[in-house]
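Next come two complexes built around subunit A: one with subunit B, the other with subunit C.
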Partner chain A sequence: MLLDVRDLRVEFRTRDGVAYAVNGVSYGVDAGETLAVLGESGSGKSVTAQAVMGILDTPPGRITGGRILFRGRDLLTLKEEERRRIRGAGMAMIFQDALSALNPVMTVGDQLGEMFVVHRGMSRKDARARAVELMDRVRIPAAAQRVRDYPHQFSGGMRQRIMIAMALALEPALIIADEPTTALDVTVQAQVMDLLAELQREYRMALILITHDLGVVADVADRIAVMYAGRIVESAPVHDIYRAPAHPYTRGLLDSVPRLDQKGRQLYAISGLPPNLTRIPPGCSFHPRCPLARDVCRTDDPPLYGVDDGRSSACHFWRECLHDRDH
Partner chain B sequence: MGRYVVRRLLQMVPVFVGSTLLIFLMVNVMGDPVAGLCGDRQCDPATAAQLRREFGLDQPRWQQYATYMGNVFTGDFGTAFNGQQVTELMSTAFPVTVRLTIVAVLFEIVIGVTLGVLTGLRRGRPVDTTVLLLTLVVISVPTFVTGLLLQLLLGVTWGWIKPSVSPDAAFGELIVPGLVLASVSLAYVTRLTRTSLAENKRADYVRTAVAKGLPRHRVVTRHLLRNSLIPVVTFIGTDIGALMGGAIVTERIFNIHGVGYQLYQGILRQNTQTVVGFVTVLVLVFLVANLLVDLLYAVLDPRIRYA
Partner chain C sequence: MTATTEPILEVSGLVKHYPLTRGVLFKRQVGAVRAVDGVDFTLGTGETLGIVGESGCGKSTVAKLLCNLERPTAGSIRFKGEDITRLSGRALKAVRRNIQMVFQDPYTSLNPRMTVGDIVGEPYDIHPEAAPKGDRRRRVRELLDVVGLDPDYVNRYPHQFSGGQRQRIGIARGLALRPEIIVADEPVSALDVSVQAQVINLLARLQSEFGLSYVFIAHDLSIVRHISDRVAVMYLGRIVETGRDTEIYDHPTHPYTQALLSAVPVPDPAAREHRERIILTGDVPSPTDIPSGCRFRTRCWKAQERCAREVPALAVPAAFHDTSGPAAHASACHFAEERQVVPPEEPQLHGNGPG
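Showing the complex of A and B:
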């Protein structure tokens, strides 16, 4: 296992009390594998990724438990200087909004080249040449001229390509992409996603794709982890989950995707709202919104039940959910 | 960029004409330019009328203004009532004030920015609270109080400096007056830097810089400071004009014979030519300083450059 997150817990101190953002998340990725982490905003998917990268704002955030094993070493026990060397070189992150995630007063060439200057000790001139190569690699036209341009001079899709190039620069073993296409036009989304998938195959990188877009997931992911209220509620190979979800929350997500054959009918929506993270309901945190909820769900926190080989679900009634395919 | 400069230069014309016209009218219409000539006594009507004819004050106002501006552009700012050329006064006064302003701006940059960076990076810590409180004190206390107090303590009680500056006004003598002149702006620079830094610290591109695995000092200097200091630089730039024209109090306290001192004397003695002349030059200084700031802004922030 390249990355193995075990029972990770993260809290935030807020004015309303402690927000339990991540409550015992475990997931892993192998080299070359794509894991999609799916969930609504506030489900803890980004916070988990930030903890892995070591870019969590502390305070107010705090890692209260768990381990993050990267190539067998627990990142949480490393010194900051050691972690810094891993960031960018061993694992890299692609952010959602490239316009705000890139430095507005620095040329893209300098921002790309910086990776080589800092991590590889290259001269500025050599780093500039590598930056042009990278921009070519992510198919930015006229890279040699555009290397001197600033982020705001690029279109949204081109900017996201620059973010991807920056993450790829040192050929890290793991890339975490946090909603990489959310800020883009639909047509551009597909191009950027294809590019990312292609480069991932080429460099045999592991990819953690954080998203709330089920459409994106189906094409590129090997495995899916569905998060709810800071926990993983279902984890499975991608085809299994689309064929037969083993958790009512996953089913709700799949049912709320608009489909052409259901045109004109009212779109399904999961009733209720995600819980306030300072007051997560006892028992199964999904029970107030769950159509299958019974008394036991209000009191007993479901463990991750092994459903099948490589499949698990945190639902007391996963069997029911799995077999009751047509509601 | 070239077109931008031309546009800005053209914009300066109406501002220059408007502001000089205002000051010209204020002094020549609302006050009596001849009154000052006769000292404390009332002027003899016949003499006054003769003087008016002599100075062209019987002509229409617009003609007077046109004549004045015409003279200004040939470098003739008129004659003060004591017979001295106004340009002569300027040539002794401006170098002194420029030196004073340089000292003040240096204080703003060195102390203001340093304190701002220090507090911005350590927000909420004791250093931050202390500095913040000090800036509040400096801002609240008027300059003449700070000035007189420093003059009394450093100049008289402890004797570390000479309480009044010699006519040469060398840089060494201007350190304390420069600090006094800079004090309020310095406090603002500190606060501006601090706020700007604290805001940008949470920016996405700083998080990106951390995620790239850059060392902390590089994240701070290359990414955080470079962005945070843009508003500070522009503030200091615009402040240059204000410092040069606003040194009246400081120059009075330390007896510095600069622009502020001459202006003060001119107003006190109703010396029309001196006042209008000096203010006209100060307007120019303001305009040029602002133009330079705008150009600097474009250099510092590429988003403006290509807009």
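Showing the complex of A and C:
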């Protein structure tokens, strides 16, 4: 396993008390594999990724437990200096909003080149040449001229390509993409996802794709981890989860999206709201919104039950959920 | 949601250009952003028209024009036969009561220093004839109840609500004056998936309860299909294809619509093997410098010399004149042909994509 996150816990100190953002998350990803982490806002999907990358804001954030094994080494025990070497060369991140992730007063060429100057000790001239190569690689037209442009001179889709180029620069083994296409138009989104998938195949990278979009997940992922209130509630190969979800939250999500190929009358809506992370309900955190909830759900926190080969669900009644697809 | 034949809104030749000027003292116009560049459509009573398009296609400008928040450069908007673009004063105010807007961002469209009661009741300050003073509090509580909020929340402030609840407040405000038309500009795109469904269902329920007509503007094609009776696809300030929802989604004839539909991810991993993807090259041209002829030709794989010369009209293409099938709907393309891009129930094999 290239990356193996075990029982990770993260808290934030806020004015309203301690927010339990990540409550025992475990997932892993292998070389060449795509893991989609699916969840709504506040589910802890981005915070987990930030902890893995080592870019969590501390304070207010704090890792209170767990291990993050990357190539067998626990990143949480490393010095900041060592982690910095791993960031960029070992793992890299692509953010949702390229405009705020890129430096507005540096040319894109200088930003791309900086990676080679800092990590590889290249001369500015060589670094510039590598920057042009990279921009070509992510199919930015007229790369040799545009290398001198500033981020604001590019369109949204092109900026996202520059972000991808930056993440690829040092050929990391793992890329974490946090909502990489959410800010883009649908035709541009297709271009960018295509590019990302192609580059991943070529470099045999592991990809963790963080998203709320069930459609994007179905298009590219090998496996899915569904997060709710800081926990993984279901984890499965992509085909299984869409065919027969084993957790009522996953089922609710699937039933609540309108589909391009279907015109339904009434959408299924999950009642209520995601919990406040400072006051996560006892027992199963989904029980106040769950159609299957019973007494045991209000008191006993469900473990991740093994459902099948490579599948697990944190629901006491996963069997019922699995066989109750037509409601 | 069955539409009658009587149109409540008729839009024709709608144009909105924003001038680009240079110079401080002696301003001169050096060009124009052609945000909306000749749009025609009708909206039937009780009907939902979905307008889809990518950013910059002019769909939000259309929304502003419909609500009289902007004056068009040319063209007319007829509400029950009366052109509302030339109105002013009292007549304008009366029309505005009947066409209300719901905005995209529930975080910035509600004044953080006003209570929910004041926000929802504010339309009554502007249109006092809509509700007598003593009756307003009751009306506001009723509206909150209608949109599924606890009426006891009237004295709370927007920050005490979640995104979905705030959008409900925005909808309650839109309903306050009992309008006949609601123009909703991306009303659910800022919301989480599970909350999106709640708001969409609410909008559908309110429509049948109050007999509302909707213009529903969004970039999400799946949501638009779900809620709309008819759909108009916009590109660079113009409608390129329009028809009933099955005509557009199952039988698109305009290449842009086909590309747009093929790019939408479908939440079904089984579809990815037999799905055809049309990946467009390049970006949308700037609305200050619109290509001659067909404005989509710079990204179109079918473009020929004729496309640069002649602007294609939005009409039923000649090829479909003799048929009455679902492919015979208005499409602004010289080379319109039917192509199924949304996977049907049974997987079918298609020809090669354009690359």
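Annotations for the structure displayed:
The working rule: the second predicted complex is superposed on the first by the 323 of 327 C-alpha atoms of A that agree within 3 Å, B and C clash if a C-alpha of one lies under 4 Å from a C-alpha of the other, contacts with A are read in each partner's own complex, and residues count from 1 in each chain.
Everything below uses one rule, namely that a residue touches a chain if its C-beta (ideal position, glycine included) is under 8 Å from a C-beta of that chain, and two chains touch if they have at least 3 such contacts.
In this text, all values refer to a predicted model and were calculated from it rather than measured experimentally.
The partner of subunit A that touches more of its residues, comparing subunit B with subunit C, is C.
In the superposition on chain A, A:267 makes contact with subunit C only, not with subunit B. When the two complexes are overlaid on their common chain A, residue A:144 makes contact with neither subunit B nor subunit C. Contacts of A:166 after superposition: subunit B is touched, whereas subunit C is not reached.
Of the two partner chains placed around the shared chain by superposition, neither subunit B nor subunit C is touched by A:129. Residue contacts after overlaying the shared chain place A:216 against subunit C, while subunit B stays out of touching range. Judged by the document's definition of touching, no subunit A residue lies at the interface with subunit B and also at the interface with subunit C. By the touch rule above, subunit A contacts subunit B in their complex via residues 53, 55, 57, 84-89, 92-93, 95, 97, 100-106, 114-115, 118-119, 150, 152-153, 166.
Here subunit A touches subunit C in the complex through residues 40-41, 155-158, 185-191, 193-194, 212-219, 221, 238-239, 242-243, 252-254, 256-261, 263-264, 266-271, 273-274, going by the rule given at the top. If you check the complex, the residues on subunit C that touch subunit A are 54-55, 162, 164-165, 192-198, 200-201, 204, 219, 221-223, 225-227, 245-246, 249, 259-272, 277, 279-280, 283-284, 342-344.
Residue ranges on subunit B touching subunit A, taken from their complex, read 202-205, 207-215, 218, 222-223, 226-227, 230, 300-303, 306.
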